[in-house]
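Lettered A, B and C in written order, each chain numbered from 1.
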Amino acid sequence: MTATAAPRSLTSRRPIYEGTRVPQPTPTLLVTPPDLAATGDVMTVNFGPNHPSTHGVLRLVVDLYGEDVTGLEAVIGYLHTGFEKNMEQKTWWKCITYPERIDYVSFQNNEYVFVGAVEKLLDLEIPPKASWMRTLLCELNRIHSHLVWLGTSALELGAISMFWYAFREREQILDLFELVAGYRMHTRYFQVGGLAEDIPRGFYPECRKFCDWMPRAIDDYETLLTRNKIWLERTEHIGLLSAEDAIALGQSGPVLRASGVDWDLRKVEPYLSYHQVDFRVPVYQDGDVYSRYRIHMDEMRESVRIVEQCLDRLEHMEGEPWIADDRKVVLPPRHELHTSMESLIHHFKIVTEGFRVPEGEVYYAIESPRGELGCYICSDGGPKPWRVKFRAPSFVALEATATCMKDALIADMIAIVGSLDTVMGEVDR
Amino acid sequence: MTREAWWITIPKAFIVINVVMLFFAFTTWLERKLLGRMQLRFGPNRAGPKGLLVPIADLLKLIRKEAFAPMAAKEPLYIIAPVLSMFTALAAFSVIPWGNGWTVWGHHIEGQVVNVPISLLLIFALGSIGIYGFIVGGWASESKYSLLGSMRTCAQLVSYEVSLALSVLGVVLMAQSINLVDVVQKQQATLWFFIPQFVGLAVFMVGGTAETSRAPFDLPEADTELVAGYHTEYSGMRWGLFQAAEYINLLTLSGLAVTLFFDGYHFPWVPWLDRFGPIWFVLKMFTLVGAFIWLRATQPRLRYDQLMRFGWKVLLPIATVNALVTAFLVVLIK
Amino acid sequence: MSEFDSLPGYVEERIRVAETTVVVEPGELVEAATVLRDEHGFNFLADVTAVDYLGWGHADVSGYIGTPSGRDINAPMTQGYQVVPLAKPKRFAMNYHLLSISERPRRLRLQTWLDEGEPVPTVIPVWPTADWHEREAFDLMGIAIDGHPDLKRILLDDDWDGHPLRKDYPLGGEPVRFSGEE
């Protein structure tokens, strides 16, 4: 990269490695050196799509020289379900259920990015209560996603018990989601214009209880892993990715921050209520699996802080509106349907035909637990999207596997793929 | 001490084999139950009271499953491998003493199946042969995962066997015998060897964890890397035999540790309780088994090169120095 | 005068919904991308999106329900437009969503227009992350990427027919395929 665009944190720091390690000419393909391949000692093994630690259906075609990984190709698409094509056939408000299922681990964030993109194109202002609640749920969802990551990645490195410890707290978060939306996952609680329903009574105290508990639970996890000698041996200096390569490969989120780039869309381009909350963006300099692990742990702590601040605000917003009052987009209140002809017509039109979104295209990006989650929508002015495209951070993260896999062993490969935190639903869409 | 009549040995062997098999079955139950409690779960609790019948249900399931083999598998070796592992695992248990010996109706019954003068060597020799089962099984499966798993088994078990053998050298020097019965009696006469031989015990336990390929040294069958290592292509009771061999090896190893370092079947300070030797032996043995299970719940898995480095560069020098120091002190005290 | 009108192949620049779009000629895309990266600081390629505008602005297209035989004007929910959108210059648009990871973070949409079968040069030399994004555009939209070192299908089977995100891809009635029979 050039000097004019030097990212701020890249200026004073020792490099993780010299030069670039991105393979040429194909950046996502690690090719076995021909002289090594000619010896006949290289064995090609197919890891996946059915393999215990491929996070679903990732397929890695790996060339092995003994235990060393010399060549690697990631093959994806086994979970391709054509979400984007499907969304073109649905009205805007029916589409909201789709993004959640793209990344089934961070569903609230995915739900929000689509709703947020539509609101941006509609130029719709949402009430503060909805904004704060969305912030809260997105952060709870971030903790949820990181917990799933922690549990599965630790399991892959042999720390089997972490899985259950992480899922204990995950269960509490899912209970909170159930309390709010009636569903544990794929809540579809965000509506264009705000929230689908008012926040139920009893949510705040339950959420407070969780916020009090969660930091202690994170202490527990860190006791088991952070200073564990074997854990350190397995994760330190593994899967190196320098800041320059990370940016060139489009990495974002924890992977980018673990490479020493202080970049978080919640700080850089604040959306929702993030400009009003106080939180720290953890950045680590080593660009290895251990740094990514530390980032996830720190982010969970910060997310708890954000949730607490959201609760402080929300507790004083009793009785405020939770959805914008725009009759062309938002369903009218239920009670009006019995008394107002106008409301009934609006309700009927929105439910059957759907609301219309002005012509135009918009790219809306948020910081999902996995990094920059972007949503490109293109509208022709009709009730259905013309084109929807998701910039899936997992999809991009997998592009870095070949670069990270330099000098790796089989066991490292598992650790590296785990540390990139991919959800195959999102990769294949 | 009178020798035991030959015809007593046969039913005794029969009983011991079955008891060991029973212990194996309930070790799996214990492992699941303990792991479950450590991991916020209940573990098996459906089949029988407290899930105690789960091993039986497992057995029935494994027997009824079709034991299919890959088309490319090297047929005779593929079938012999689990049998070999199982045989050596069971045979090794025969020389471990679990009782003081009793006289019933004028017949003397010894506290082990056979009392051979070189019993310690025999255990190690049988253990080495048992490794062939794992290696051959992985190789004969003609699967890449199995092959990788058996290569890892080969390297790991061979290198840790050296440290394991050296770690007990101190005990042998102190007991002046490689007969396990003598070792136990020497401890009874002096003191439990884990006190002077604490370094040896530590090396033995670490080496033993690796030798039985249990976490954090479970690389040969690292399920998240190699699917299941050398037994990827096995199913039904053939797989069950591998599993049984592994657990019986764990029991043998724990039994050996009890014998070498914790005074075998003796109850401390109360001599008349020694007639219940098998009870104390089993209790001590399962305490150690519990420690192995605890270790599995706590630690992540090592990487292959780290494992080899640890074995050759850390464990082996410690074991060697321990043996040398012990030898020096033994000579000095004499 | 705008900041970007000196780009190679510059066609137009527009700002809508607080987003800047710069349109360039496909032939000079790589040159424009290099200038944007090196001189304007857009060091991060967030996304590559291909859009098919076939039938854009036709009253029977908006919200049509597809059938195996094609579009059906008489199907429910085809009310057409309130405002007919402006026509597009060509059938396909390639959108490169750029981001500047620097002290002055900003975004830019680099756009180029393509006819059916018209190739677009690869931007892998500028941003290596474009690799899979371009393969996806090829796979789902059938954009011919010129100079891509490893251009093959990424999400669909290697022997898949057609490019599903195109507007003329038939909906419904997808034949169930059994490998081995064919």
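Keep this in mind: contacts are C-beta pairs under 8 Å (C-beta built on N, C-alpha and C of every residue); 3 or more make two chains touch, one makes a residue touch a chain.
Every value quoted in this text rests on a predicted model; they were computed, and no experiment measured them.
Each chain's centre was taken as the mean of its CA atoms, and the one lying most distant from chain C is B.
Of all chains displayed, A has the C-alpha centre closest to the centre of the whole protein C-alpha set.
Work out the mean CA point of chain B and of chain C, and you get 63 Å between them.
Put simply, the C-alpha centre of chain A and that of chain B have 46 angstrom between them. Centres computed as Cα averages put chain A at a distance of 24 Å from chain C.
Chain C meets chain A in the complex at residues 16-19, 21, 37-39, 41-47, 49, 51-53, 56-57, 61-63, 65-66, 77, 79-86, 95, 97, 99-103, 105, 107, 109, 124, 127-129, 131-132, 140, 149-150, 153-157, 164-165, 169, 171. If you check the complex, the residues on chain B that touch chain A are 35, 38-41, 144-145, 147-148, 215-216, 218-219, 222-227, 296-306.
Interface residues of chain A, counted against chain B in their complex, comprise 43, 45, 51-53, 64, 67, 154-161, 163-165, 168, 224-225, 228, 230-231, 233-234, 409-412, 414. On the chain A side of its complex with chain C, the touching residues are 1-2, 4-8, 22, 25-29, 76-77, 80, 82, 84-85, 89, 91, 120-121, 123, 247-250, 252, 261, 263, 268-269, 352-354, 356, 359-363, 365, 372, 374, 376, 378, 380-384, 386-387, 389, 391, 395-396, 398-399, 428-429.
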